[in-house]
Amino acid sequence: MPFVRIDALYADPARLDALGRAVHDALVETIGIPDDDRFQVLVGHDGARSTLRYGDHLGVHRDEGIVFVAITMRSGRQPELKRALYRRIAELARAYAGTEPRNVFVTVTENESVDWSLGDGLAQYAPSAEPVAEG
Amino acid sequence: MPFVRIDALYADPARLDALGRAVHDALVETIGIPDDDRFQVLVGHDGARSTLRYGDHLGVHRDEGIVFVAITMRSGRQPELKRALYRRIAELARAYAGTEPRNVFVTVTENESVDWSLGDGLAQYAPSAEPVAEG
Amino acid sequence: MPFVRIDALYADPARLDALGRAVHDALVETIGIPDDDRFQVLVGHDGARSTLRYGDHLGVHRDEGIVFVAITMRSGRQPELKRALYRRIAELARAYAGTEPRNVFVTVTENESVDWSLGDGLAQYAPSAEPVAEG
């Protein structure tokens, strides 16, 4: 279910792959999603045709190692779970991709069960009520 | 109003166009948006500089024909309308682009009327109250 | 805090930069975000490998100068602030990038304080309550 976009500067395929695994493994470990519940868009920007901009907001120094992680998931995860998720993404991004934790920027956007179709034109998380035959 | 992002692997311009038309026509037919209410970002990924990741979650087998469709629209559409939308996107993606329904992944994110500016710096769906002259 | 995606057709680095500054300066001036609170993904589309689609919805004529601005920010901004933001983005996009106001399309998506990690694996806007030693 989580749908994830990851944007990084000058990232080659190996680094994109490492970042994708970091975010996915963190979601599995902290939020408890199944291992095959992985849906990600991984984009490396060349700094010309497409690029990123970032500042040192909140006293965190960022540089071209910046990684933007945008997660869409269903509502209902408690704040402590989200905090655990952020910690684990930062840890695994460092472990897998050598990304410094100061460069890991994460946003979460929530929606509801009926807002997902995971294939076959169905709303798997919110199936329609079937009419029940009486008699 | 719907703002749509479509991401696909190895998609040439013709396939991107077909996918964009499939999603748009489905929105017109099921949600009832006007035909000129089309705002889409269509991205083909080369699998290197940018790429997609996906698993077989919920027993749906996906492959490199995967298409991610992310729709932002105003809140208020009932669940049955959303289900009809997902069905029609899957049907038209097959009809127009040859995409198998198992490879069509859709998410919806909702916002409110005041969250849209469709040009000219205005919030067309939530115009400001004009002061009314008394007397 | 705002996380911004800007998509434009055939935009060279100078135009992407100008559009990014226009949106950022408008956020600073109208919403009051700090100047270093800038997090943007700027993407120029070549019209082939990736592209945009748009119509003349609401009688606004759009052309290939179209710019999609998608802003994610915390909830709580009042409608009048959002209207001021849209006006200022359109003004500055014209001033900095020569973009006509009719071609500036903006959407806002909101989330909550706990939905942001601005680095170091922390949820800076919603820090965890520390246990307080009694005695």
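Should a chain be cited, it is by its letter among A, B and C, assigned in written order, with residues numbered from 1 in that chain.
We take it that a residue touches a chain if its C-beta (ideal position, glycine included) is under 8 Å from a C-beta of that chain, and two chains touch if they have at least 3 such contacts.
Please read all numbers here as calculations on a predicted model, not as lab measurements.
**Q** Note whether the interface between chain A and chain C is symmetric in residue numbering, meaning over half of all numbers used appear on both sides, and answer same or different.
**A** Comparing the two copies, chain A and chain C contact each other through largely different residue numbers, since under half are shared.
**Q** Through what angle, to the nearest 5 degrees, does chain B rotate to match chain C on its C-alpha atoms?
**A** My answer is 120 degrees for the C-alpha fit.
**Q** For chain A and chain C, let me know how many angstrom lie between their CA-based centres, rounded off.
**A** That gives a centre separation of 19 Å.
**Q** Indicate the residues of chain C shared as contacts by at least two other chains.
**A** 109
**Q** If you look only at chain B, which of its residues touch chain A in the complex?
**A** Checking each residue of chain B against chain A gives 7, 45, 47-58, 60, 62, 68, 70, 79-80, 82-83, 86-91, 101-110.
**Q** How about chain A: which of its residues touch chain B in the complex?
**A** Result: residues 1, 3, 13, 16, 20, 24, 34-44, 46, 72, 109, 111, 114-124, 126, 128 of chain A touch chain B.
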